[in-house]
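There's a structure below that I have some questions on.
Every chain is named by a letter (A, B, C and D) in the order it is written, and numbering of its residues begins at 1.
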Amino acid sequence: MCRWLAYSGEAIHPALLILEPRHSLVAQSLNSPLGAETVNGDGFGVGWYPSTDALMPEPALFHSIEPAWHDENLRELTQAIDSPLFFSHVRAAAGPPIQQTNCHPFRHGRWMFMHNGVIAHAPRLRRDLMMALDPELFPLVHGTTDSEVVFYLAITYGLQEDPVAGLGRALRHVEEIAEAHGVRDVVQGTFAVSDGETIWAFRYSSMHKSRTLYYSVDMPTLQEMYPEVDRLRLFGARARVVVSEPLTDLPGAFVEVPESTVVTIDAGGGYREAPFLRDDAA
Amino acid sequence: MCRWLAYSGEAIHPALLILEPRHSLVAQSLNSPLGAETVNGDGFGVGWYPSTDALMPEPALFHSIEPAWHDENLRELTQAIDSPLFFSHVRAAAGPPIQQTNCHPFRHGRWMFMHNGVIAHAPRLRRDLMMALDPELFPLVHGTTDSEVVFYLAITYGLQEDPVAGLGRALRHVEEIAEAHGVRDVVQGTFAVSDGETIWAFRYSSMHKSRTLYYSVDMPTLQEMYPEVDRLRLFGARARVVVSEPLTDLPGAFVEVPESTVVTIDAGGGYREAPFLRDDAA
Amino acid sequence: MCRWLAYSGEAIHPALLILEPRHSLVAQSLNSPLGAETVNGDGFGVGWYPSTDALMPEPALFHSIEPAWHDENLRELTQAIDSPLFFSHVRAAAGPPIQQTNCHPFRHGRWMFMHNGVIAHAPRLRRDLMMALDPELFPLVHGTTDSEVVFYLAITYGLQEDPVAGLGRALRHVEEIAEAHGVRDVVQGTFAVSDGETIWAFRYSSMHKSRTLYYSVDMPTLQEMYPEVDRLRLFGARARVVVSEPLTDLPGAFVEVPESTVVTIDAGGGYREAPFLRDDAA
Amino acid sequence: MCRWLAYSGEAIHPALLILEPRHSLVAQSLNSPLGAETVNGDGFGVGWYPSTDALMPEPALFHSIEPAWHDENLRELTQAIDSPLFFSHVRAAAGPPIQQTNCHPFRHGRWMFMHNGVIAHAPRLRRDLMMALDPELFPLVHGTTDSEVVFYLAITYGLQEDPVAGLGRALRHVEEIAEAHGVRDVVQGTFAVSDGETIWAFRYSSMHKSRTLYYSVDMPTLQEMYPEVDRLRLFGARARVVVSEPLTDLPGAFVEVPESTVVTIDAGGGYREAPFLRDDAA
């Protein structure tokens, strides 16, 4: 239902990944070969941790309801700013309206979150999901997507202390609520979370047949594989991307994340995988 | 926090009231002498019952996040359509974001609703207000205004059977929830409701010091008072307006609705007043 | 570069053609099998002659920079209004920015105009094209598309007296200007023009290999061909559509307009074809 | 018809001037005491030279058609970026439509330009003004404001070599064209130009009764005048602002630029004044 990209590494201009590659996120907004939808034209967002001290401790957000492919502000912004860690997301709306408050990434304090996929029958479950939130968080839900509710449910379950456990418990709770309503295969998607230092990326669905997710191999290896590709020299040794589908056609540049897996990218570019909600349910 | 207008009578082009008068609703969007805010530039809406059979049984809505004063679509639309009963609203946002789902009027089946004013400390009360809704209605709240929640709370309390009783009970419930949170003087505003036949307009606040509300005197009388005003001949004998502040400077054309009052305009142009929540609470 | 639809006949709700058919114009905005681009998400427009007396003598316009596929106002409007003659257009921008002034249809007095296609190297030719306009018309060009300039050039050449001759001379002049700049195959497209009574639709390109264009067979014949298709009974005997590509998969319902041809649809539903700029010139 | 602000000095977050002061540019967008219009809600723009190397040599632009006062992206952006030289502009549209291509500042290569004021009877003069442009520049006029045409006319007249002479000749040419059309008092306004190093700001009108313009006194002096104002310590010694009206009520902080004057702010914060088009001509 969407496409997203998360970058960590040396500070770069986000346009290097969002605009310029053959299958950049903007290119995917108009034509996504691996997506559930071909077109992701229902708004977009960029969230970035500034590389220099910003007035605000949080990541900065740029949200727009226009399609990404012709958005002038997106072109300007992603060429002008630089950031060592940013998220970007292009949306194909399943139901909730096209408005900035429904654009990913979402933010809470230093934390960012984005999602590709769906909570099945979300309108039917919405009341119970909202009731499950910490009451303090309830008024902070500004939009009407299922994704944002999952984010705040994960915060309710401790995402800020332990993102993997927090999101895991939240998704289990979603599955419990769905079961009570007779909804099967409720969770579908890939999720990204960051605190500005680390990226956690999740590939998970209740039916264990999730939307695609890829990570880039480490940059020194990639540069050695393709010494003739000048573009790769624009990136530093710590550069790492997690993305819904490969940004280029270079064989071996992107590797698929396994089903029911959480990926961790640390500030040094290190990549780790672990099982996520693989066994018994709820 | 907003300005609104409701018309009932012979079918007219809404531009006659929304665009053309000296103090038209669009003029009020840029400069509202009697408003809590001078500028009401945070989106607008028009809701109209078509004069000919439409494909849908409901009133049609046009919502925009642009200021009304330079909106080309508003000019086109209100000159092209005609309607025997329409609402229009210009918004000054108190807090909830500028998005179409936060633009009035709101609609539920054949019913329309709009509001000028505020529910004090709405974010703090929001969870309890949402919990008070009929669970079937919960997923129909598409925006994040306090006004829309009041509408669905009134539906929960029977607005479709008895609008005066339904809104009355809803506002009393809001006051009870507020009291439990230590919030005083919670309700402020004027409200308009219609089913396509009748308009109910309410002036009420918990502190009994409400936003202004006016109604137009009956058209034959007005035409007799001002035989030299050609514009008045554009209106039929049943034409009647309820509006946040007078549309013209003609003395006697608009009369203030008393505090804590509900006004009823029937399809024949008849005007009635009754006390609304004047005495004992809930 | 776009898709469009023109209707003439008994007054209908435009949604019947814009929203509802299997390959409605809105469906084509997201997925156009025969278009030069698959996605036409760069704004849209509807222009309609109201079926009842409107305040203004001109057709009314609704223009939006949002993609058509999720636009709520488009859904509301096209179900609420009715019209005996309307145009609708979904845009895939070739270069000029996404703004309401670049949305089709364009209007001049009672006349409407829309275009699918392109003037090759339009920026290089723009100054000479603009200079060729009647100086009185120069300040009326509000947008920056090549299409709008062609419209005003056709008016300069007498479109309001003779649409076929006016557009013919304008396109010939475009070809002359292009030749002076060394630009070949300059005109590409299909064009629609109306004065509120008659529709003229043109399929033409300098290289005589033009974008597709179709017309619907006369409605009594179509209803006889498909007596089991209930939807067809929603239309009257004079209903006729000209459209970039067929709205349905019903064999025989839509017929291709030949290359270099002008089609005339009169108010009675009559269809005529004539050659358009078929011989050598320019 | 607008309000604008230009900053030069140590790199700062633009929010320090655009959002935070008592009479910030955003505050002026809703309520401008000295403006020709009280409300400047018809879009806005920010143009900034990035403080770190950007992918593009030009200043970056952010343009929006929303009112500035509730724009979330403006808040995010101006707190996240920092810049040693930026422009910002809030618009009150005189006639040209509300679209991003009509938002200031405008850009050509490394050059930025913005304008508050009006070219009288611009539609009548538009053809002759456009004809006066270097033909190479003609297709670069993307919007429909008189301001943008003045910018390209100044470039035609050598703004990039000598901004004062270039704009001077352009305005004289505008006055000549106006005279030929019988239009008097044609130029009205204040203008700002920069190449990323220096700011040139102009206060000029044909009738020598121009819109207001102010500059801030040098920061060390201001900090000495108001040692108790903590906010002033956020600025460096080279900080300097030119602005349509004062940002604060601190007496002596802002000084009016004289009529028919050009102001130069160099990268070191130095301020110079010179007469501009003071004598008779044209």
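As a convention for this text, a contact is a pair of C-beta atoms (placed from the backbone, for glycine too) under 8 Å apart; a residue touches a chain by one contact, two chains touch by 3 or more.
Predicted, not measured: the structure shown is a model, and the values here were computed from it.
Note on connectivity: the fewest steps through touching chains from subunit B to subunit D is 1.
A count of C-beta contacts for the chain pairs A-B and B-C puts B-C on top. Mean C-alpha position of subunit B lies 39 Å from that of subunit C.
Residue positions of subunit B touching 2 or more other chains: 72, 97, 100.
Across the complex, subunit A meets subunit C through its residues 30-31, 38-39, 41-42, 65-67, 69-70, 72, 93, 97-98. The touching residues of subunit A, when paired with subunit D in their complex, are 13, 15-16, 48, 50-52, 54-56, 60-64, 72-73, 76-77, 79-82, 100. The touching residues of subunit A, when paired with subunit B in their complex, are 97, 99-101, 123-124, 126-127, 130-131, 135, 138-139, 142-144.
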